[in-house]
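Scrolling down, you'll hit the structures one after another.
You will see two complexes here that share chain A, one where it goes with chain B and one where it goes with chain C.
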Partner chain A sequence: MIRVVFFAQLREQLGTAKLDVSIERVKTLSELKQHLSLQNPSWESALANTKLLVAINHAYVKGNHALADGDEVAFFPPVTGG
Partner chain B sequence: MAFSIAVQIDDFDVGQEYSDLVANDVSAGAVVFFVGRVRDFNDGKNIASLSLEHYPGMTEKILQQILDEARRRWQLVSARIVHRIGDLQLGDQIVFVGTASAHREHAFQAAEFLMDFLKTSAPFWKKEKSRDGSFGWVESKDKDDKAAKRWE
Partner chain C sequence: MNDEQLLRYSRQIMLPDVDIDGQEKLLAARVLIIGLGGLGSPVAMYLAAAGIGHLVLADFDTVDLTNLQRQIAHTSARIGVNKAVSAARSLRELNPDIVLDCIETILDAENLAEQINHADVVVDCTDNFATRFAINAVCVAAKVPLVSGAAIRLEGQVAVFDARTESSPCYRCLYEEDSDDATCAANGVLAPLVGIIGSMQALEAIKLICGFGTGLTGRLLLLDARHMQWREMKLPKDQQCPVCGTP
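Then we have the complex of A and B:
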């Protein structure tokens, strides 16, 4: 299972903070985004935002990336703390 | 406590943080600290209050990584990052960054480095409530990205 989490305005746009996706369905980050957009067509534009940051298991990743069972994948907008 | 981070709802006491930075160490001849506060005006809007969201687990990990990197780059006796989450009012303290070193250049540069990277990599998000009652997420700023890039 892959745990997917969303934060800030992205969480509000999608109306979801977290969900689980079977590892059988998605082996990479690209496949995960495709899967999420197919399951929820209204999410497509929000998930296509090129400014979104992506983290796997609390570490930033860029580009495509392999996923493993038990991974936590986070999508969120540019950060604004401090 | 020589090098530590905290993510907390509670306010922090700058005097106490300063005491902790220099506690039991007479080599720390230079201490620098920065405090970020909730400002009344942002991007043309009159701000009434802020709420701060974060990514539990990743936030702490990133702050620790930033602190570790600062230790590698500069000669520090101690350093501390405190960042608040939750609902904050005008004038409330948001963030504390403190550094102590034998040399002021090290303390100043490390403190700037910590703030620049905190602003661009620690997963916090601010949501503003304006005086007219509307809500909006704060946009990230190009100048913060530029500030972080100068350390690369």
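Then we have the complex of A and C:
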């Protein structure tokens, strides 16, 4: 199972703080995003943001990444304001 | 330090992590604060109060009525005044013991490099990716530590990028240079949020100067103030990073 976590504005936009996805369905981060967008078409634009920050098991990752059973994938919105 | 300074800073000199030695480092330090808005206000006020000997305040913008809800270094009477100048007036009242320089123009590449090269620490309190990338690139080249904070709506981020350390990531390791900014003018921001993030930036700047504790280098802290939840992620250096990676 992959635990997916949404933080800050993403949590409000998507209307959920966390959900689980079967590792049988998604082997990589890209597949996870595709899967989530297919399941929830309204999430597609939010998940397509190239400045979205992604952490796997509390470590930042860039680009695509393999997923393993038990991983936690957290998504964070970009912030620039000052 | 004279008697008045010993008394003024006594409550932090009392801390074993600071002590006389640390306070002297603070008094000898020069910190560049870029942006004197929501983040820059608490950063500048705390660093001035703590006795950073030389603060350089850079902001080309002027104080607007809509700023005053959160930009606490400014006042209603100073609407229309340059933000660096306005902040300097508050800081002067707070601590007449330190040197304050104001830069009221947009920092072009040459001025930015000159200012960063002269700084011990740079605190990025700006509000857009383009400026943040420009500041980061110079800090990496000059090997000057950068304390980066950002806040909007009810969320914030803070990190330290320390190019003096080979393994440190830089701001460009975190974000790609390809999209638009979300502005406070369009998205809103709650007042104390910038105080929280700015205060953490000031604290990290003091730690960098005094050299104690565990810094935020290589870590990114994220705040969801709506649910008052913090998250921390490890932020490794991107070896392919066009700014700090190995060519």
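Annotations
Keep this in mind: the second predicted complex is superposed on the first by the 78 of 82 C-alpha atoms of A that agree within 3 Å, B and C clash if a C-alpha of one lies under 4 Å from a C-alpha of the other, contacts with A are read in each partner's own complex, and residues count from 1 in each chain.
Convention: contacts are C-beta pairs under 8 Å (C-beta built on N, C-alpha and C of every residue); 3 or more make two chains touch, one makes a residue touch a chain.
From a predicted model like this one, the values you see are computed outputs, not experimental measurements.
Applying the stated contact rule after C-alpha superposition, one finds that A:Asn49 touches chain C and leaves chain B untouched. More residues of chain A lie in touch with C than with the remaining chain of the pair chain B and chain C.
Of the two partner chains, both chain B and chain C are touched by A:Gly81.
In the superposition on chain A, A:Gln9 makes contact with both chain B and chain C. Contact with both chain B and chain C is seen for A:Tyr60 once the two complexes are overlaid on the shared chain.
Common to the chain B and chain C interfaces on chain A are residues 7-9, 53, 55, 58-60, 74, 76-82. Of all residues in chain A, those touching chain C in their complex are 7-9, 11-12, 49-51, 53, 55, 58-60, 62, 74, 76-82. Listed in rising order, the residues of chain B touching chain A in the complex are 36, 52-55, 57-58, 61-62, 83, 94-95, 115, 118-127, 137-140. Here chain A touches chain B in the complex through residues 5, 7-9, 53, 55, 58-60, 74, 76-82, going by the rule given at the top.
Residues 35, 37-40, 124-129, 132, 149-157, 173-176, 178-179, 181-184, 187, 189, 194, 220, 222-224, 226-227, 229, 231-236, 238 of chain C touch chain A in their complex.
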